[in-house]
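Each of the next two complexes has chain A plus one more chain, namely chain B in the first and chain C in the second.
Up next is the complex of A and B:
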């Protein structure tokens, strides 16, 4: 088998800390007591329930109670904390089915959980919902090296899947910073986007089949599906991006592309956002089929990364914007020539002011780290309000400027000396997908900052015909704001689907869509 | 604006004849009287219904009655004929909404129709259902040359859309033989696959938003969606491939890629199906990101095309199998070098016996015609039983051999002299997608031939874990065979969705899935 280097693509990853104890994270139910209250129709968990679950799981290590649940109750941003007293970690799809059937019959609410790396509070309970973790469903089921079809359990870690595929000359069609912790099932359940979407498209196109357990215990299984199968409604699509609201994904079948043998990365300094857009159009024309990432970052995001990494920026002078371009292809000489010609053309046309191309893998990792470290650098002063939005490209960066201006107008911002609650609003993201990450970096979470940001940001997005969630999902954070992106009929139809599959509302309650 | 040549890709297209009168096509209700009977709970169309529709449409030309409905009652294969006495051709989405609302309230069954180029009898009535044609919804709505997002009415002809995109340097991410007749809405409603799926993926990944009218008249609209939008269930996915069973698609928003400036085509002669598979694996590795088609054809299919085109085959000697490879890229020199090196390697490894590369556009069209003319060549002796299946690659061609053997065992086959009802079972298709087209070319349609083929072929596919419909859909032809591909739970869940959206069952009855 033709082998390609592993881990060629992503350099640094955020360090996730799901099991570490953070006593200071306030309870979600307290922080948001004006927005959410417990649904009294749910049954309270009791000892006989726990005995029943013990009987299903057999293995004692699959059942966690009391204070040991903390790592599962909290999210990695330290923003949300639930109060679950029970975590179940089934080892088979049949166990998941028995658990859900019981919970559904007994009105016990549940929160499905994968790698717990979500960014909108979707994978943690609000009150005392039972957490069902798929971490113990972690087998790779099969791989066909002719077709590229890969099948695995939902709890397989994304990086494990990608390394396995690398050994076979293939690549997982999705990548993101949390790959060392997030699960394959979780990225499908949240329809994650990430760094390879520009090249390989969305999971709605690449996922071929799913195994999922419905609230009543029914096991839906389309894992046998081939690349093309036009025999009826494509039901699996409903689960992609459903955030645990209508069932628990337990298995995934996905089409994987051949791993490119040649990867190049360039980092460019650009004088304005208008120029960034022009460089993007030119890159689609000139780099065409080898373009695999087009990421942009603003100057403040790079300053924070510099502080976080304690390193000097690869480009000597400062520029208002930076662009990271990655190419992936099958012929290194051809790719080098395309990229070098492209960059020379951009410099000559004065669209790009300065640039650097990685000459080896270490430099490649280094350049990526200036994009990939932004999420961690954003939180290093205390915390971050994250907004992950889609906007028409023309308007994309204006949202960062509008947010910064509004925060400054309220006297809340100080980048340097630490006297104000907000460090700065920074912008970066997958320009190739029209996807902006607006991070408002703060020294502490506070209601006063949040009320300046929301609903202002959502209203701004609505006025500019964007989406309030490009890839992170709705979860708890954006549940009440879906109306800024979806119209009344869409919301009505979504509520009907929720009610159709989860009539008792036990699945991931208080989030996403409620019927 | 950077311009690229139009119509570079497809040479010959089947000649569609939807409005020509074929008095000899028997009524579907007669041919299949053992399989289907009229549902008496439906109301019979009367004069006051017609007056109501006239009031909605205003324009007289949008309402066709009596014998003038013939072209809409028949399919282009001359296999199915319905008995509708009314065709409605609304000009606005609101008119579609008013029509459906009335039909739903009055229990009047309807058949949505696009270009009427389907291959499974899905777009023609069985009895006297009202035909709702979207042919008059034919405006291009918008195109954004930065993002590549194209929006149009459902009735825009695929070729019209692709030519418009070509003028803007872009390409529609789907192509098929019927592009001169089929509609954009129709390809989405049937989840068509076609010739570009290998490169650009399925419509589930490229369609960004839809406008569709539900049976009760509700207008679902997600046309504003951007490349990424993770705010709730992706409801539009249910309509992709729903074959008019839960609503009528009236508008489509789709992400289009940049049109490649360089296109190459090669035709290869290969000594066995095993070698064909090996050449495919090597092509994925060596041609990687520029591979845009990998089609295979067997010898008999090429013999029929030779008779049909009255031409000598481009390759001098005969081979058991032929492979057509297309590459599309942004740099002609690079692409030429990749393709020539690849072919030299295949010849040296003795995987390929002979081959030819098109040197200009005329040769390129000529090579494609040996693949594209197969559907027409298949019918030239009278008719064709078409099976469009997905199978694991190993087993793909064995189905053709098994079918031919079975027909020969019954003494039904004669390729040359015309004394037997069957000419031959031939095989070709999109090998890159695991998609085989098995065409059983006949001199006339007959129950005796059909009963030898069905359910034999469906059982064979089930045993080999394939799909009985890779891209053509279920329609009327395969309605009763869905159980050979989908399991009981999948079918139950599909029936629930059908009932959820179409509780009275007025949408495209007797086909697809019935609740």
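Up next is the complex of A and C:
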């Protein structure tokens, strides 16, 4: 067989390089000194602690100290940097248990870390917390090809898991742009949403069981292979989305659906946000069970991706909004017929102005890259303030307009002019899930921009009955803003749970919840 | 002068799909596998559309033809949606057709359509024969320019540039002629929605080899299809000395 070069017609996703050549990321503790200060109750790490950890881990490569910790201290957006002097990379759940037990007894704070692809600074330390990376817990434990139940260690990379499942005709029920780096345990700990949620639902439904280590070293194990289990509290749910605040997830059991043999992708140009919503209603009606993604993107997000990929947009003319529709089914003829009829109806009803359908696998990937490259494109001018919000669909895009107006009012924005701190506020996201990504693309991080955006955006979301975090979590970024979405009683109950399992508050301190 | 362009297009396993050899070891597994237009054919089609777009009134007709199973209609519909005017499917069922038979069928179509320019992919990515264009040129007695990386039209003369080792090579010929396309000639377009609908109304004629008086007979027999042996994993060496020693061990130096 003739092997075509991978980048036959257009480059696929270019590799994102967190360029170390730039000046180093300022310390989170400096940037946010008005927001956070070190807790003196915690013990300072000393040599005898390190000796103890060496004894547990046995091999040298699992213990990183000093300057080599940089890659674990910084986040990929280059917004946060901690000061940890120690990274531990245990190879077994028992080692995690021994480490936590020691830290708990000695009042040493820890930050659990997966692929370090988080967007809210939740997996990076603020001060000198010990980083416990699960990267070396990376074995696939089992897969049952009849039930589709997949079990693996927390540190298995999402793409590795998905490729393994693909070889067996199955699919991981979650997909996101960072799949090549993020860990299965990390996506569960943060309850990541991603591109397949519309079709397969949230991890609160697909995860069947977990193995996790509590601060006192207790190993909680519910690695079940049961879809149905009504025997009291569903404890695993406490760990899903709790962001390492009560324990470290070390193993995941998850129900995986059959991989669709027929996948189609269409990219559409739409004249207004109102029309986007109409197309969404129609797509649910006409595409029904084969609809697997409905993503919308505004014009500015596409302009940035064009600059980032150095490509012309696949649609010739510009439109205020773009919609990417994916269908997944088991019969290509059936799916093609449905999709083409649906699209013809949309054109006829003038809900859609223009559109294209991918004719082969490379076109399909290229169309997806115009959606999946937005996060990378949004940081290319220097940085990005990310707001990941749930809102009622009516109001979803108004938040982008309101934010852009506010920034303009302060004279901070210009798409071209490099002397202004803000490039533009762009909006895109999983419309099917009521989830907007508002990205304020900046040339540099600055307090003056941040103070214009926060708490304004959070107040706006509260007024419009939304959630300040749809899928990214709270982490450090939103530590003071939980109250905009959760009421006092909810927060009180959360704190009680935190205090019960982590009475010394060693788990991921300085973040959204404290004991 | 006006051009009547013929573009043969082949339905092949999508280039992004990793081919797997079937259990009987008679060929590549095709069940449940995605099929698409051969990328080189897509480039040939794109070139014919470009010629039409950049030379107003020059192109009379672009006719797409596919030789393959009934399913190859999908590929023709794509070609029509991208901009071909008319199309023919020569339905050969699941029969594998060798390049000479393909060339003979195409010759009949050329005569039927009175084509004076044939643009086709230099090869299909399934069998990698790279023979059809050349054989067709022989059968028709037309000039051929293979592996085109650039095509220019000047009056009734066409010049074709090909990439060769250490530079480029330019051929010139008068119509009628045959051009086969290389990878870097152009970048195929996406199919636009309204055109998919229009393509459903464009003509798609269905013929069998018999209708063209062609007998498909195989000259080659496939004995067995096997994957190449797996490459053994490499080794890391600590020093130059060790590298030299290893190379000596395997008698490379």
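Keep this in mind: the second predicted complex is superposed on the first by the 491 of 515 C-alpha atoms of A that agree within 3 Å, B and C clash if a C-alpha of one lies under 4 Å from a C-alpha of the other, contacts with A are read in each partner's own complex, and residues count from 1 in each chain.
In the analysis below, a contact is a pair of C-beta atoms (placed from the backbone, for glycine too) under 8 Å apart; a residue touches a chain by one contact, two chains touch by 3 or more.
Values in this document were obtained by computation on a predicted structure and should not be read as measured data.
In the superposition on chain A, A:218 makes contact with chain B only, not with chain C.
Set against each other, chain B and chain C touch different numbers of residues in chain A, with B touching more. By the touch criterion defined above, A:235 lies against chain B but remains apart from chain C after alignment on the C-alpha atoms of chain A. Residue contacts after overlaying the shared chain place A:448 against neither chain B nor chain C.
With both structures placed on the common chain, the touch criterion links A:355 to chain C but leaves chain B unconnected. In the superposed model, A:204 makes contact with chain B only, not with chain C. Applying the stated contact rule after C-alpha superposition, one finds that A:61 touches neither chain B nor chain C. Of the two partner chains, neither chain B nor chain C is touched by A:24.
Residue contacts after overlaying the shared chain place A:466 against chain B, while chain C stays out of touching range. Where the contact sets of chain A with chain B and with chain C meet, they give residues 2. On the side of chain B, the complex with chain A involves touching residues 2, 144-148, 169, 190-191, 193, 197, 201-202, 204-206, 218-222, 224-235, 237-238, 240-242, 258, 260, 277, 280-281, 284-290, 328-331, 334, 337-338, 390-394, 430, 433-435, 465-474, 478, 482, 485-487, 489-491, 493-494, 496-498, 500, 512-513. Residue ranges on chain C touching chain A, taken from their complex, read 14-17, 19, 28, 32, 34, 36-37, 39, 78, 123, 125-126, 128, 183, 187-188, 190-194, 196-197.
Chain A meets chain C in the complex at residues 1-2, 4-5, 8-10, 261-262, 266, 268, 314, 332, 340, 343-344, 347, 352, 354-363, 365.
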